[in-house]
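So, here's a batch of structures to check.
The same chain A turns up in both complexes below, where it pairs with chain B and then with chain C.
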Partner chain A sequence: MADTSSPPALHFTGHRHLVERLVLSTLTGRPIRVTKIRSSSVTDPGLAPYEVSFLRLLEAVTNGSQIEFSYTGTALAYRPGLITGSAAGHGASIDGVLRHEIPASCTRGVSYFLLPLCLLAPFSKSPVNVLFTGPGVITSATPTGDVSVDTVRTAILPIYEQFGIMNKLEIRTTQRSNPGPGGKGGTGEVQLIFGHQVRLPKTVHLLNPGRVKSIRGVAYATGVSGANNARMIEAARGVLNPFVPDTRIFSENTAAGFVPAPERNNAAAKRKMGVGFGLSLVAETSTGVRFSADVAVPVEGGVPPEDIGRKCAFQLLEAVEKGGCVDVVAAFTALTLMAMGSEDVGRIQIGRDVLGSEDIVQLARDFKTFGLSGWGLRDAGEGSEDIIVSIVGRGVGNVGRKVA
Partner chain B sequence: ARKLHGRKRPYRTGELARLLYDDNLTPTEVLKRWRGEEDEEAEVEDEEEFFRKAKESAAEQDDRMIPDYDYEELEKKWTDPENFEALRKRIAAGGLHGRSGD
Partner chain C sequence: MPSLAPLGKRKRPTEAPKSAPATKPAPGTKAAEPESDGDSDLQAIFKRAFEAKFAPLPFAPAADEGNHESAEEEDEDEDEWTGFDSESESESESVPAPVVVVHSTPSRALEIDKSELKAFLSSKPPTAAKPTPFPSSGPKPTPAEDEDSAANLKNDVALQRLLSESHLLSADRTSGALDPTGKNRHKALDLRLQALGAKGSLFKQEKMPMAHRKGIVRKGAERETKRRKEAKEAGIVLEVAQKAKGKSVGRRERAVDAPAVGRFRGGTLVLNSRDVASIEGPKFKSKGKGKRRR
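And now, the complex of A and B:
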């Protein structure tokens, strides 16, 4: 993509929407320059550890990317390369698994890395197989607003199916973890296998949200009693059962992972990390649309599991009420895939409050800056308050695939 | 949201389409205008300072995937039978599949 005559860099400011811009940059091949990254912050200016970690991941799954930081980390220049995926001998091990270590200072859940990586993966040259490991992998939902890995697996991955990307997609959670002390670090281990690469994603017309027919969920308790799960599930069911009798919430009770904590007389000492519990709920409609909700216990603790269960259930109802064919969490994924599709008009119905959120408005503007098509908006009609967004695909698709 | 819909036609789709790409406005301003929350423009000067501060702190925040909900509000909203019933039309008739379980 970055050929002899590469287009001039696009300029952005601020740390917000950084990941989304990096993803769009990589997909469209436009280099970007971001300045004033937390430049006004007194305590920690510049890129945060998780953002640097994401840049490293980006470097690992692409070939020929150039990343330059300024001395303070408040400015960043990124020139994207080809998305190669986990090609053996290119950072990946012989069996094609790329290990990505997340530093212990990471405050974001692993979904922060998973969602953008999943967006790049369909356009990769070879399959993407990344093992997230290290002292910073948090699989639960986090207070910083990330969804849990269960939500990614049960609510986000199915979106790809609508775009004709459905084979060999898997997220394996081998070790669960909540955020560690101070919301930093965790001991989780997650493997993403994304083995379905396409030339172009299908053009979609998601116009029928359908009606909620079932609710599934995962309650996880890591390093604490499994009774917490039962209590969360009971509280959530208490709210949701009158709505949807077909509610099933699975219980995952696992031991906490260990991190090395050397002591004076025992250099090999280890200590438990990332204990806690949380709940992920996904409502599925008759047309396969999924709404998700995620709540985990705060790092300080002190919240009974019943509260977590109820909060999560309320959050799910809120997401269902907002309506549309994608919820807030999934909108970025769905809209980006639409914009990367073939040169045809794709349509998607989105709830008014989902579209009318800052992130989505900014996304629309960023799409335009990157030369993707503008959005056409119109009312859904038929008694629905949703809006239909139509996006013309750019038809660039998978450059690596074209050669292969 | 329901209450807002009643007021002199905010939330118009065409309006958003127009505002969406108006680069003179920040996304926050776009949404404010779209929701028809412009009326409060009368209060100026010393309150403006306050708003600017509030906006700055919002800009300092990191990106979130899950919106920051006020759970007490949500609890109030969803334990209200009226809202509860209103949502029922979005739900498929339950229990027909014979696997309602317990």
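And now, the complex of A and C:
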């Protein structure tokens, strides 16, 4: 792939939206060059550990991609290759599982890796099967703004169903973990299995958000008392029950994982890490639209579970209030899949506040830069404040599938 | 839903003056005045004298009647409390910090379905179009209807069986009953088993000497031809004879080291004329004028 005939690299600056740009670059096949990555930071300039880890992951699931850093890590050149997935013998183990170790200095939740990987996976040549391990896997929601792995599974993965991608999708959480001390590291273990590869995702017309019919959720407590779960659930249901009687929140109480902590007289010593609790809520409407909310206890602790439960419930109500057929967390996934679809106009109704959020506006600009179609916007009307976004698919789809 | 604190809560206790907030200056000076009781009057005088000399007392003296009154009027206020009224303002100089009261309806613990819990907490994403098993709210079938439908179903089954097994009945003329008996019962049972998906008939013998089998097959074929012949003579149109569908014999599994062409026997490769022809390829006979040659 990497030959002289490939198009010139697109130029971006700054560390923000790096993951989105890398994903778009891989999907469209355009090389990119990113400069001035935290160049003004005195303490830690250049790429953060989690960004480097993501680039490693990207290299593992693709074939023929080239990644070059500058010395300080403030500049990055990426030339995408073919998305191969977890092909045995190509980084993956004999049973086709690709192990990805996340460093202990990682401050982002594992959803930071999961969401873009899920977006690449449908366009892969072979199934994607990645096991996230290592001392940096945080499965809970994080203060850095990542959602929990439960939200990815229960709110983001169902979106793929709308695009005709629904078979053999799994996220196995074998060990849960909250952020470790200082918000760094965790002891979780998560396996993503994405076994449904398509040529082109279906064209969608999501124009009816429907009405919320049920609320489901997972309360997780890792290494702390299960009573925290009960208290979070009680508080959240106290808020939500008057609105939706069909509110069910399940409780997951697990032991904390261990990390090696060698001492002078005991080299094999281990230490518990990643204790804490949190709540993930998903509201499902009558038309299958899902809104999610996610709150975990801060790293410093000191917040009673009732506050977490109530906060999460309010966050969910806010997400429902914003309306549309996707919430902020899912918008990137939905819009990108639409843009990668067949050469047909797909439409999706999005809440005004969701569309106007910084991330989505930047995403629209990036789409334009990558040569994807522009967005057509019009008011939804019918007493709704929402906006209908029309996106013409690129019609290229899965290059690996076409060749195979 | 945070709402403002009902003020009455903080003044209610009368018996235990300890529970009154310590920071609050005594509101009792005025409240105690209207008492005509000698006892309380005295107390008020003492109190004033005391307060003239020292700091104000931290709490109001217990005055039963007056406190009851105030508690009552505050109870009325509890419902729609709009702000500090003039009386309470005059009573207390410092505004108490707002107390956040969270209103949440006590939720009845829904028993969680085990299967649903498993489905939601499994590693698979929950499917969007999951049919929720609602208990049917429609009118329940009356017992009479129920009985009727059961009887209908029974009759249906009986009819179906009669239709499919009637040929057995015609052979058995001994009993007039519809239910087959004896050997026919076994045959009927076998038919039903086959209808339910059994592999083959119980009465078909699988293993027998080859000569035996050949005889059976030949006899069967003879019978068929005879039947066809007779039908033709009588002018009866029969069903089209179905070609016995032999197994599609593709290329047989050959040994790995077998030659691609011919047979290797006794150290020699034997080619028959067909093999030779296939090697030589098609021959063009130059019979024509040579124009059609390629």
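Just so it is clear, the second predicted complex is superposed on the first by the 400 of 404 C-alpha atoms of A that agree within 3 Å, B and C clash if a C-alpha of one lies under 4 Å from a C-alpha of the other, contacts with A are read in each partner's own complex, and residues count from 1 in each chain.
Going forward, a residue touches a chain if its C-beta (ideal position, glycine included) is under 8 Å from a C-beta of that chain, and two chains touch if they have at least 3 such contacts.
All figures in this text were calculated on a predicted structure; none of them were measured in a lab.
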Which of chain B and chain C A:Gln362 touches, first, second, both or neither: first
Partner chain(s) touched by A:Arg248 [first = chain B, second = chain C, both, neither]: both
First (chain B), second (chain C), both or neither touched by A:Arg310: both
Touching partner for A:Arg172 - first (chain B), second (chain C), both, neither: second
Partner chain in contact with A:Leu377 - chain B first, chain C second, else both or neither: first
Touched partner set for A:Ser41, first chain B, second chain C, both or neither: first
Contacts of A:Gly145 with chain B and chain C, given as first, second, both or neither: first
Chain B versus chain C as contact partner of A:Leu157, first or second or both or neither: second
Which of chain B and chain C A:Val239 touches, first, second, both or neither: both
Partner with the higher number of touched chain A residues, chain C or chain B: B
Shared chain A contacts, counted only where both chain B and chain C touch the same residue: 239, 242, 247-248, 310
Parts of chain C lying in touch with chain A, wherever the complex brings them together: 102, 104-107, 110, 112, 116-117, 120-121, 123-129
Touching residues (chain side chain A, partner chain C) in the complex: 153-154, 157-158, 160-162, 166, 169-173, 191, 216, 218, 234-235, 237-239, 241-242, 247-248, 250, 252, 284, 288, 310
Chain B residues touching chain A - in the complex, by the definition given at the top: 1, 5, 11, 13-14, 16-17, 20-21, 23, 27-28, 30-31, 34-35, 59-69, 71, 74-75, 77-78, 84, 87-92, 94-95, 97, 99-101
In the complex, chain A residues that touch chain B: 14-20, 38, 40-41, 48, 111-112, 115, 141, 144-147, 209-213, 239, 242-248, 285-286, 293-294, 310-311, 314-315, 317-318, 320-321, 323, 328-329, 352-353, 355-359, 361-362, 364-365, 368, 374-379, 385, 387
